[in-house]
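Next up, some structures in structure tokens.
Paired with subunit B in one complex and with subunit C in the other, subunit A is shared by the two complexes that follow.
On to the complex of A and B.
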């Protein structure tokens, strides 16, 4: 074990965190997490509830954060990205670039800076559905619990109002990007995914029609810490949503967009239909699908949702979405395959069930990674390099955690095996 | 309680369909995007999704008893948005070709004209016929003096050959059309909300304006090409009537001077047809792989249209240039292509004319038509 250089985990979402804590808790190795966002937790942090138990995801994340805090074998960098990788299994040299946060560890999250800041920015955590100040807390449960400045919007030294407002000297507007050199034995890419860009489906109206949103936006709209404090209101006029449509396979299983099935969107829409039904008792949800995919034990969940007579499922993909200019309603057209008719129906809001596009499909990562045809990272990688979670294939949270745990053992075999 | 439906897939039909431009058929997974993006698909039992699944199952009878493959104008909005590359537009085109072949009276004519590999035989038949007639009557050879085509091929021979051939073809076509109509009304019923004549008038008005074509989005340019080809043919038909009138009433015989209005009209129609067919060809080459993938059946017909134009124009130009040794053979070649277009029409792509007219009229009568 004397030669152990530890493990690098790229990505601090649920998969990366799982690999990190599972590997470190064996006591065999040390782990460094590199995360691009100013907080850990990734996509899971943006969710309102998990399927099928419908419990809040944050409790699972908090357990992981506690395990990180308690374990000196785990280090993490936020706002950091891997720039270069050289070397080979057992001896990788990695250059990490860390962007300036402009807020140091003295921050107590008192919020005085936010009150002083005169500039607003679109809140990317809520997919632009609200704004924050240029200095902000990524979200109210953020880990680390520390503010950050968006330097694309901050006016910098000439303003400095936040610096004056901070009683703890936590803000340093002159902070510069820094570079960290790491020497590790094994690397795990847990780089996760982005929602597919829904504006690319020109017939589905996203970006043109205000009340057409994505499934991830629906998570934020439903979450108590979201832009509407958990009230499901439509973006155009804040009207309470009573009639909602879910458009399955929006850009998925489509050779013009994502050719594969993301495996989670059916379950996500079933779950989101229950959000509305629970919050607005006289609401009605319609799910338009090609095939409803609720694999294995999830079929029970499908049956449970289907039993609600105010959740209607129609076989037939929505291929046209238009706006009723007068009311702001969204009119969708689909062929009801079983009924043999084209139907046109108006809804208060439409949710596009867009799929997961791996980070690695839209940007390249260093380290000689191999990719499969859809841009996910391949199972076969150079020795000592592994993938975990959605970086490898579309998975739900449970399966991601299982996969990430398996990746932990693969890394340990590399850094500690046979010694 | 459950009604039992027995489907006997016609495997041979599926295979033939895949061989004639419908090879993407089996990629369809029935999402129904096509039925929604199609601008001319009705709300009641829309197409082409149902045609795709029926074709996958080899349900020839069901497909051929529906008006919908003929309502389709091959805009290919469906193929553009199809998530699987199943190309419903091409599959429906292949279905129409199979229909024309199946409905052919007599059956062997269907084989001769719809199979592109038989095209040379189909062309050789009229050419040999002309040569034999000219040989037997002692007209084979380049006539002396001013170029007058009736010196080589007397008008009464042309009349006998073409009128009898077109007459036979017309009877055959009417037979196929009436069978199609009987099938439509037998299978789909006679619950009419509109009478035949007004429906027919409405349909033909739409054709004259190409208003259904105008609804196409993915393949907008096709409308102009088709419109010119359509009016080119109409113009040449009128020209033929006109020249026949000249021949029998004021007894004006060809060649008719260029200054004559009939000549202007005829030449203008020929240029319209030529421009139209060139636009069609240009669109097909341009769109290849994106929107329309033409089958060889489509290509055969459009090339025949182009050739009938080109040889017709050359026949006129060479005559004006006074090169007898070239002009007379060119005339024979031109007549061969004319024969192909006007005698083989019940079996070529041109056959869609009658089937489409009846199909759309029927859809209007049963309130399944989309307003154009």
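On to the complex of A and C.
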């Protein structure tokens, strides 16, 4: 293949980061990561803990970020998206568009700008459950550790209070989008996933009933850096949650929504039940499921959770969810297969175990990608183009890392042609 | 190397507002820096240029930057680590952002950190990498799907591979499969196995050497120079490889233990593996009389999800039974297949395959429990099922009952129970006569690798025999550097996953030989160029280092003196912490360095101000303290934290150092240990904890209370717990009272 032109990794979540560092550490090649968010880390950065060890994702991210920091062969662009791809394996030409951050490399993350900024914006990192200022640090382990301005909310030059507050000349409100041209030998799409839009399932009440939230929101509600500093309070009135229900397969395994199984939601709900049980000792969790999918060694975790008598698992599909207007409680109507009856029960809060929808289902990426019927990136791709992680199919973190490492060797073979 | 010190103090991000910078400068005088400068924006181009100019003009080679956390601006303060020593003193996140500005105690804290930082830098030397021409061939142990994939991908990347396969032919279980699961939309059609093509590709590849009917007699050495002795067809041969991919696969759970489910009792009860063989050899028949199969019952989780057998789920049996139900239907369109499951586990896109089975009117699926079986005179079996979907007990008459038995990693030898293994290594507890009398000890058993390692011949394992690893974030890592596990040997998985897994492990093996030959560490300190150095003349053969290394780096000679294998080392420094003689040190990380830093702490004589030294893990506790800083979470000014590569590097001599100089307490903050350990070096925080158990002796020698020393387990995101933890410890120390050595 001739001279190394390097690898482009589209997406800086756990899969993209893994492909990038694993490939770069072979010493063969340079890697460029293009990430849409203002930070690397993707979905896992929003998680409180991983199953089954209940350990924080930041722990592994910290190691991966350190690997990036000390490896000059890895470059990254945040707030950047691939606009155009041409050429072929060994010689792709890629145009990347980088949106303005309005904060340059002089930023020291001192926070003076935030103190000066008069505008608030809904915090998308916390799914809108709190606000940040228009200039903000996405989260405290954000990498790069640099602030960013949300130009949908910033008042711009007429305000300029942050500019005045910054001693370092780090804020440039007139920053413009820029274009970067890359020439790479191989491209990996590690474009990840979005939570399926829960509002589309009318019977489950999301968007209408305040105390019905998604599993990703539950991660943020439980995290020390979340909107409630880790206190599990329900959105309507901030009441401490004591009775919680998890509704499995919310959108998944449903031909009207996501026909596939999202592979992680059972383990995620079991895990989230432990969040509440640990934080609120007199709490009770009920999980409504079709099949409990805890494959492999994860069975141990299921057994551990099942041993808690305050976590109840009911096989049965949830038919509808309603709000008790007087109390703000949420009433769940479900079948109970084992009991052979219909049950109705009230909860403080309901968590919908919403499935994973690949980014590529709702958005087409340049580069001649082939998709399978659900919008995932297909196994067969043009030479030099690979998928990694959840872009290919629903996977948990460890399987994403497995897949991303395998993608790294494919890239090495393409760009370096071996030794 | 003649040290020439430059100290650079940044005054902004609030540092200058909070601290007396002149006071800080004065504190550096005793170290006689060649330069000591203050800048209001040290991470700016001008600030960095200032340092660069001093390097150029003044010959500065030891750079102390008193500013922000070492976790930010690495790319800015980036001076060639092989030439310069750079030390970051964290005045921002660890002092001014967490302490009241202008306070005397805040200043004292900053001065202590600065003095400790200068001392650390003065005691450090740049590393001397051990570069070498090493062997880069990859050994693949096991020639099943994962192994074939590992070898092929290795060869495609331009490396040589050697496969050692125990059986007479390559292909493993894949060769026995009649059909494989669908790999593409619509995920409904079974596929013929493509294993023959892969075997051919391996056999035809000039870069892949294959040994069949072969076993490994020994693996000695270390990454880049593993000497492997393989015996095959009566002769043995030794050759060198650089790294190992471990794909030894699985065996079916021993069905003879499932007599209560009819196996061995009734002829027409078989396992899923036996059904596969049958399908491959002439089609489905009743074993009792060779008659046609009109009705087959599949019993899921046979001996699985069951603490008496396999407590775990084998991940693939639901899919396998769905596949085999299709065999039943394909061989006889009038036949019925019944699948009795606990939970139908068809994750991800395999749900489509499940749906295709549900759409087949001849396949009946139900959540249920088998209550009993009876054999009829004609050999058919009545299976009594508590059908949970119907809420009724029904009886199904079956020509064939198929037990969906599970997968056991080949890490577990035939005669052992996967749910009842000895910890860490598989073996027997034996009694041994030693100097201290008879002691019970684990004697690890040789199974596959026959590593000539002091700690044992195989990979340390987790529960059920799977290799120990950080299986969430870094699944290929094992506790033996340069050996990467893949496929069903490391976790139950289907063939498509095993194939991917082999590819991933091959990448890790290639990465290992490349990093190692540059003298660089592999994960988690990837790129570290330091090595531990052993002052063996002072060794007392206590063997603590050889026992405690989480990665089995050190062997022993006959006397018990450690034998180094530098390329096995992950540079965590657990051996440094273990050694009572202080003989293990790195160029830039040593027992003396930390002891010297401790001497620089100014212990106030004020008895109402307990001073506490904290040893903290730099991977998790240090960032947690940073995040406390970013959130401006205030905590008491009584602490002086010293970061370690791993808490397992804590040497007990430091605790004596701290307390004998009058400080009032010692807190160790490290990762969680136990079954769900979070330590990146697997056992570091646990080792620290075990050592603390022995600190009592030191303390009683000093006539001090044991409670002055405590270890806390803290996850990286638990920075919110810090104030409470630190407050509580101070209260405890206050209750004990001031250290009587204060002022001595």
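A few comments on the model shown:
Everything that follows uses one rule, which is that the second predicted complex is superposed on the first by the 415 of 419 C-alpha atoms of A that agree within 3 Å, B and C clash if a C-alpha of one lies under 4 Å from a C-alpha of the other, contacts with A are read in each partner's own complex, and residues count from 1 in each chain.
FYI, a contact is a pair of C-beta atoms (placed from the backbone, for glycine too) under 8 Å apart; a residue touches a chain by one contact, two chains touch by 3 or more.
Note that the coordinates shown come from a computational prediction; the quantities given were computed from them, not determined experimentally.
Ranked by how many residues of subunit A each touches, subunit B and subunit C are led by C. Of the two partner chains placed by superposition, A:33 touches none, neither subunit B nor subunit C.
In the superposition on chain A, contact of A:377 is made with neither subunit B nor subunit C.
Judged by the touch definition given at the top, the superposed model places A:253 against both subunit B and subunit C. Of the two partner chains, neither subunit B nor subunit C is touched by A:117. When the two complexes are overlaid on their common chain A, residue A:334 makes contact with subunit B while staying clear of subunit C. With both structures placed on the common chain, the touch criterion links A:320 to subunit B but leaves subunit C unconnected.
Once the two complexes are laid over each other on the shared chain, residue contacts for A:8 go to neither subunit B nor subunit C. Look at A:203: by the touch rule set out above, it reaches subunit B but stays clear of subunit C. In the superposition on chain A, A:25 contacts subunit C only, with no contact to subunit B. Once both structures are placed on chain A, subunit A residues 253, 337, 340 are touched by subunit B and, in the other complex, by subunit C. Listed in rising order, the residues of subunit A touching subunit B in the complex are 203, 249, 253-257, 290, 316-320, 333-335, 337, 340-344.
Across the complex, subunit A is touched by residues 12-14, 40-41, 43-44, 68, 71-72, 74-75, 136, 153, 156-159, 183-186, 305, 311-315, 341, 343-352, 355, 367, 388-389, 391, 462-464, 466, 470-476, 491-493, 497, 500-501, 503-508, 510-511, 514-515, 518, 523-524, 526-527, 619-620, 623, 627, 630-631, 671-672, 676, 678, 680, 715-720 of subunit C.
Of all residues in subunit B, those touching subunit A in their complex are 29-37, 41-46, 49-50, 81, 83-85. The touching residues of subunit A, when paired with subunit C in their complex, are 21-23, 25-28, 48, 50, 52-56, 58-60, 62-64, 66-67, 69-71, 106, 108-110, 137, 140-141, 145, 167-168, 223-225, 229-230, 253, 259-263, 291-300, 303, 315, 337-338, 340, 372-374, 376, 378-379, 393-395, 397-399, 401-403, 405-406, 408-410, 412-413, 416-419.
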